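Presented sequentially are two complexes of subunit A, the first with subunit B as partner and the second with subunit C.
Presenting the complex of A and B:
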């Protein structure tokens, strides 16, 4: 009885809450998204394609994809290793380790970028050695990759640690007691258990790797056609009064983000289904 | 397990070093048929160097048969100077003021300290000055520097810490304050009142233009003459008006070959030819068309309607040169810090 009263009383409040949430979303998320696409297509599809086909724009798209293609696998390896170590073993300094994984979340991207300038810049700690061996890190593609890996460091590990913690190590112990070696245990027992969580982490990692601006801006040197990622190229085009071009590239970035979101929703649905379906 | 983690770590490190090795000097020297030149420049020169690069590439091809391609990087002059010192491998630096190239010589040791003597005209192939851009019809009736300190006027200028243009702006304002008030104290008071009217300090000249023109903030933009012309052209004719103040400063954006980098890349010859090309009548005409004041008297005569003559102070005779001005006004604890913290 009392429950019914609560429900009926809150009908107005519920409508208000849902309505304001939707209005908020529409205003702050949907409207800017629509604005990006309408600005990009303002002068027709032809101009849009010309802006995207421009060699510097293509170079930035290639660079962004390359960076994602390198930093995401690196973070998968690291994320797996870290969450494995944290959840299957107990060792001293474990909580410090977990805190360190979170560091890139809490440090401003500008600082992350400057760390690499301090390390690898011409007058940084390793600068003279790198210079003597003619290895370029900062203001070149490797520096951008390093910065991106640093920024996206926590995504996979943060996704896996709670999941693997919840699952415990019973399955692995059973596998080992049945004679499986380490690799077999990982491949046939652990990986199937965590695959959806892993994919989810990979998607988040990928989205950030493609979209990162701050840290990458510090280490890039902004050389057109060489070290400009898509987000940096958007800024450059905007500063050159090329608004159609800027929004064309921005809309491609937005499309990449949307694809990621859709993939994420599908995965979430599969993940829940899998989780519930497999049951405990 | 430990072994595997060591393996993973070493694979990861190996990958990174490998990447570093891949990109190492892949642009070195180039072959006989093509060569690449990296020009690290300041903010408002994007359009200028696009045109200059095309013209030079044609000439170089005709002279030597070699194809030259350009890698351009633009940003606030001080920021770009910092990047070159930190290892951005520019063959030539074309920055907003001599001090930023001095810094590359001082802190980076990448070119000789007397670089300014290696090209004509103090190594400044074009000049500009500082003017105001106001909205159509000049609704706040801004005529001269004195109007910028009136209450309620929003003044847009970039941050002198990062932007070369902003330092010229600051010194031009100082020159007015000094002339109007008759003393350094009066000048400091004037400039500090002016900065009290600045709502946003962007890091580069182009950022400020966008703030003023696109985002519609402020009543007057203090900027390079070339940037003011360009904004008028690119962002809709008739939306803005240029106001030429009674006194301003002769801005001499400097260019230099970053000799250590050029040696490393084997680009010394083409880099030198590129900068010398800027002084030719062809390039000077491109320069004038892009709203910079040409040095060549013949070209200047042709474009004299475009560039009004006005009372110009210079950095060397009125401020004792850039080294002194930089230390006194803009370094940490200098005048700029004093007036902005007071605010």
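Presenting the complex of A and C:
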């Protein structure tokens, strides 16, 4: 009774609101997802597998995994270092530093890619020197890694900074006062305190590292079988009217997204549970 | 013996401590008492080595430890909110200090376990070693934090607002128990508090601080009975403050001369402090109590084993608090009385 009194909208209005929200979700999120899988499997599972096993596709999968395997650990280290510095110490220019961490979020990915072309490209600042020493960065794997690291830098740090701020430095001071060195303090005290947040950040970082298109597209050079990541490969196949191939590779990326989503929900559930102070 | 010499500390533009000198004898139980922002916690953190002074020295037994880190000073620190490691069991928390030692100094796993169990017994938490901090009450967590700090066998135990987060009943029990533990272990202990009652009850000596300066160091008796400054007088215990003037060695409240000796205080504006129980009451009849403060009783209530009388003093436009013994017949509300302090202190108001 009391519920009805507070919620004053009529049955019709409620139905309309819920219905339109569902329709919106269905049209913009669910339908494309279904379309990706149905297009990929349109000509049967056999064709799907053939498209995935195609050497250039396999090369793009390998490259994407390699890029993620290098850039995610790098950003775990950078993210931890940055959030540690920001939350445990006070220093000049701290707020500027915090703002800078968000830069990759606010800059268009294409611009991020262009920055690296400007720096390391043949006509860039360091281009001639790199050329003379036979180091290839742009249109090669190192460039893709640089661009990916840049784009995914905020994920881990963004996740950890608020968490570590909230936790303060009492626990660390307690550990140090009991004789723990820096590494022991980090390993036995800080890391367990932030592990769920860190894992969450890593998950988001990984999803973006594998899915990044814009910045990588600028620096990669689109060399088939060499510098094409999965998102770039999808575009190429699509432009060549190889729809089954394009959607097959795209469906793998979609699966990654779904796995990330599920893992994220599980983590959030665990995270809340621990945050509630319910113990183990 | 702990010696603090000329310690000063600033946080940005904020002067947290100014030229602090203090000596603490072995076995003493010291309270750092003051309002928030008085610098008491900063001073303790500097003694611990969790914070470093801008100038001055900290000496342990004559040895300068100013540049030593907290782990090298042999102190046990109990944090205000305990800072227990919540992903570790109670036993693991207590054992932490021993298990992070270098291999050559580290006792065996069995010994560490036994030591943790022993310490948990000492703090009356035997058998709770397998619990997690979240499963304990506030008082129990406090004792785990204490056991953890004691595990590294500190010479000096430092406690930051040790009873601040506990409810009144637990606080009282824990206070008495902590005092006993301090004696039993032969520790030197320093604790920070803003609660004067706690300091008076627990400490051998009290260091009263305000605005980064030590106002007075003394026993509970000295601090309470012979406050060295108006701040101490006001902060420790209850007090009535009356603005007066000293002229020719006599104390005047406006045009009324008070029957209180000025004890040779120089002329000028001053503040008269007296405790609610250090007074005589007289009726407002002609002649009687001419040299006292006239009040009209505005409120009367039982306060523990005493009567608390609140009287409005028209000349001051403020309320004077008076304690009467339970056996006395209390005055009625609305009655005119004259209050004469039997014990009072006079502080000059210029300067501060």
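Basically, the second predicted complex is superposed on the first by the 263 of 280 C-alpha atoms of A that agree within 3 Å, B and C clash if a C-alpha of one lies under 4 Å from a C-alpha of the other, contacts with A are read in each partner's own complex, and residues count from 1 in each chain.
The working rule: a residue touches a chain if its C-beta (ideal position, glycine included) is under 8 Å from a C-beta of that chain, and two chains touch if they have at least 3 such contacts.
What you see is a predicted model, and the numbers here were worked out from it, not measured in a lab.
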Could you classify subunit B and subunit C on subunit A, in the superposed arrangement, as clash or fit? fit
Look at the residues of subunit A and decide whether subunit B or subunit C touches more of them. B
Name the contact category of A:240: first (subunit B only), second (subunit C only), both, or neither. first
Counting only touches as set out at the top, which of subunit B and subunit C does A:102 meet: first, second, both, neither? neither
Nearest 10 degrees is fine: what angle do the Cα centroids of subunit B and subunit C make about that of subunit A? 150
Which partner does A:268 reach: the first (subunit B), the second (subunit C), both, or neither? neither
What is the contact status of A:166 with respect to subunit B (first) and subunit C (second): first, second, both, or neither? neither
Touching A:222, do we find subunit B (first), subunit C (second), both, or neither? first
CA minimum distance (subunit B, subunit C), superposed complexes, angstrom: 14
In the superposed view, which residues of subunit A touch subunit B and also subunit C? none
Can you tell me which positions in subunit A touch subunit B when the two form their complex? 70, 74, 77-78, 81, 85, 117, 120-124, 127, 130-131, 133-142, 145-146, 182, 221-226, 236, 238-241
Can you list the subunit B residues touching subunit A in their complex? 1, 4-5, 8, 11-12, 15-17, 19-21, 23-25, 38, 40, 43, 46-47, 71-75, 83, 85-89, 107-108, 206-207, 210, 234-235
Subunit C residues touching subunit A in their complex are 48, 50, 69-71, 75-77, 79, 81, 83-87, 96-97, 100-101, 132-135, 148-149, 151-152
Could you list, by residue number, the parts of subunit A that touch subunit C in their complex? 170-171, 173-181, 184, 188-189, 192-193, 277-280
